[in-house]
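Alright, structures below, take your time with them.
Okay, so subunit A shows up in both of these, paired with subunit B first and subunit C after.
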Partner chain A sequence: MTQEKLTDFQRDALKELGNIGAGSAATALSQLIGRDVGLDVPRVAIIPVEKIAEKLGAQKKIVAAVYLRVFGEIKARTLLIFPQEKVMLLLDLLMKRELGQTREFGETEQSALKEVGNIIISSYLNAIAKFIGLNSVPSVPALAVDMLDAIFETVSTEMAEMGPEAMLIENEMTEEVTKVTSTLLIIPDKDAMGRILKALNDTMKGA
Partner chain B sequence: MAKRVLIADDASFMRLMLKNILEGAGYEVVGEAGNGKEAIQKYRELKPDMLISDMVMPEMGGIDVLKEVLAEFPDANVLICSAIGQQALVIEAIQAGAKDYIVKPFEQSNVLETVAKIIGK
Partner chain C sequence: MGAIKTAGMGELKIGGNGDTLAAYGIGSCLVVICRDKSRPVAGILHAMLPEKPAKKAEAAKYVDSGIDALVKEMIGLGTGIGALEAKIFGGARMFDTKQEGETIGERNIRKAREVLQKMGIRITGDDTGSTYGRNIEYSVDENRAVVRSFMSGTKII
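For the complex of A and B:
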């Protein structure tokens, strides 16, 4: 099943799952920052795994990325990517500093960013569990600051275990004059996509 | 005398956040642990009034920490504080003996109310 092409209906259902997760993650991020933030409607796309690098664009761009594995009823790999120039602004907000004050990427800043990744991914997993009843937990987060293609090359070494499709969710958060963009990539393992689609189907039948 | 709390979380940012909230309310944070094994060692050493533990940590997860601490100290007050808010996992933690469960990100007032409910002010 997982090697078959997704139907338009399945793509729509997965996008909706992405939207539900994004809403939950946005609320969590807003609570973590402790300020009112404007959140644009996320752009959710289902793309073939081999097209991820191409889709992310700007391969030589330096980014900060939080990587988490997901275990349980859904097994997946997730990557939360922030452009380097936006990370410092996000850290200002997280650490309750004046904008432009964060200039170093020390231990506390790295820890804060990993925690953002943990909370955002967990929000998605919590929303998915509530919506389609599949429970899963994230691993301890890992953080990398590097060129986008170097980061993706590391993730690609696990390509054999990945399913053929990935969910790409682009978010934009606005806090007064600050805009923080992020890209979340969820790559379900081979069997996981079939399980998600079946659960979505059962949920819709039950609705 | 201030109630003594031990915080276990692999994120130093989250430990700092919790520490500021608790100390601001008059609790004494007697120790911090960055992984599950360290949490158990520090619990034995410090015997705090409460352990606040994350679920997902290196070396040993929060549920195993909870079980091990309770096996040795049956009266221990363990509060789980995790980003994982799925009902099945919350129930698992409570059934394993956690006094309560807070989902991250949390409101400061929620943390203080929960801690006060378990160990007082």
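For the complex of A and C:
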């Protein structure tokens, strides 16, 4: 089941999920930063797991990635990826610094990133969980700052447990003139995606 | 003229005179480079997990069967087992999870040492463990690996 094979209901439901998740993430982030933050979701897609590397592109790019495993009734692995330049800007906002001031990833910066990652990922997970009526319990977030391919391949080694499809959510966080893009990957375990998609279909039809 | 031969995840490649053997974006994966001491022939393995689980799995994905396959291929090309030497790279812990026990990277490193020792292949170079991703380029002629990382600069192994 991939983007092309989704029904119109499912496509709409996915967009709706994206908007709901983004909305609650924006509220939480605004509270965290103490300034108004908007979150747009230009794209939500279901893609085959083998195509993830291709879709992410720019493999040698340095990124900051927050990794969160999900347990409960829906099991999944999630990875929120920020390009290096964007993450520095984000840290400026979080630490209330002048834009361009943050240069390195010290302990404080790492904690702040994990917290932001946790907020964003959990917002989407909660939106999904509510939609389909199944719970999800996130783990403590982990952080890696390094080449995208080295990070992604480490997650890939767990391929055997992962299902064949992933949800890819592109985010655009805006605070005044600062724009921070990030990509969220939600890779459910085998069967879990099928249940999510079925629930999306059912929910939309019932609405 | 030499070529750059890149081993992606779960792949192994053989190179000769003038070639560069490469593997990029190595996180927890384990890269083994075996060379023939007596002539410019070497092979690179990019394995993901320590042990092959079942008969039907692909050999090069796993450290144990991958090293086995790499050595067999080099012997098939005329290398004597006594002429083999190895360098190992990777097996990093990429995420700062508060995990107990060995990480997959650490298990990969341990398996590689175990298998190479059992085969009597000496390890002459090693850049493994730690928490950074690596890009590896090995020159067959010079027996020299350039290991680049974002956080830890460049090393020559």
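Following the convention adopted for this analysis, the second predicted complex is superposed on the first by the 179 of 207 C-alpha atoms of A that agree within 3 Å, B and C clash if a C-alpha of one lies under 4 Å from a C-alpha of the other, contacts with A are read in each partner's own complex, and residues count from 1 in each chain.
Rule of thumb we're sticking to: a contact is a pair of C-beta atoms (placed from the backbone, for glycine too) under 8 Å apart; a residue touches a chain by one contact, two chains touch by 3 or more.
Owing to the predicted nature of the structure, the values given are computational and were not obtained by experimental measurement.
Trainee: Please determine, from the superposition on subunit A, whether subunit B and subunit C clash or fit.
Mentor: fit
Trainee: Now for A:T157: first (subunit B), second (subunit C), both, or neither, which partner does it touch?
Mentor: In the superposed model, A:T157 contacts subunit C only, not subunit B.
Trainee: Quick check for you: in the superposed arrangement, does A:A112 touch first (subunit B), second (subunit C), both or neither?
Mentor: Only subunit B is touched by A:A112; subunit C is not.
Trainee: Given the superposition on chain A, what is the angle at the CA centre of subunit A with arms to the CA centres of subunit B and subunit C, as a multiple of 10 degrees?
Mentor: Once the structures are overlaid on A, subunit A sees subunit B and subunit C at 110 degrees.
Trainee: With the two structures laid over each other on chain A, which partner does A:L99 touch: subunit B (first), subunit C (second), both, or neither?
Mentor: In the superposition, A:L99 contacts neither subunit B nor subunit C.
Trainee: Pick one for A:V140: touches subunit B only (first), subunit C only (second), both, or neither.
Mentor: Once the two structures are laid over each other on A, A:V140 reaches both partners.
Trainee: On the A-aligned overlay, A:V41 touches which partner chain: subunit B = first, subunit C = second, or both, or neither?
Mentor: neither
Trainee: Based on the superposed arrangement, let me know which partner A:I62 touches: subunit B (first), subunit C (second), both, or neither?
Mentor: It touches subunit C, and subunit B stays clear.
Trainee: Classify the contacts of A:L148 with the two partner chains as first (subunit B alone), second (subunit C alone), both, or neither.
Mentor: Only subunit C is touched by A:L148; subunit B is not.
Trainee: Once superposed, minimum distance in angstrom between C-alpha atoms of subunit B and those of subunit C?
Mentor: For subunit B and subunit C in the superposition, the minimum C-alpha gap reads 7 Å.
Trainee: Report, in rising order, the residues of subunit A that make contact with subunit B in one complex and with subunit C in the other.
Mentor: Residues 140, which sit in both footprints.
Trainee: Which of the residues in subunit C come into contact with subunit A in the complex?
Mentor: Going by the criterion above, the answer is residues 9, 24-29, 48-49, 92, 94-98, 104-105, 131-135, 149-151.
Trainee: Can you tell me which positions in subunit A touch subunit B when the two form their complex?
Mentor: Answer in residue numbers: 28-29, 31-32, 94, 107-108, 111-112, 114-115, 118-119, 121-123, 125-126, 129-130, 135, 137-140.
Trainee: For a test of understanding, state which residues of subunit B touch subunit A in their complex under the given definition.
Mentor: Listed in rising order, the residues of subunit B that touch subunit A are 10-14, 16, 55-58, 82-89, 103-107.
Trainee: Given the complex with subunit C, which residues does subunit A contribute to the contact?
Mentor: 59-60, 62, 67, 110, 140, 142-154, 156-157
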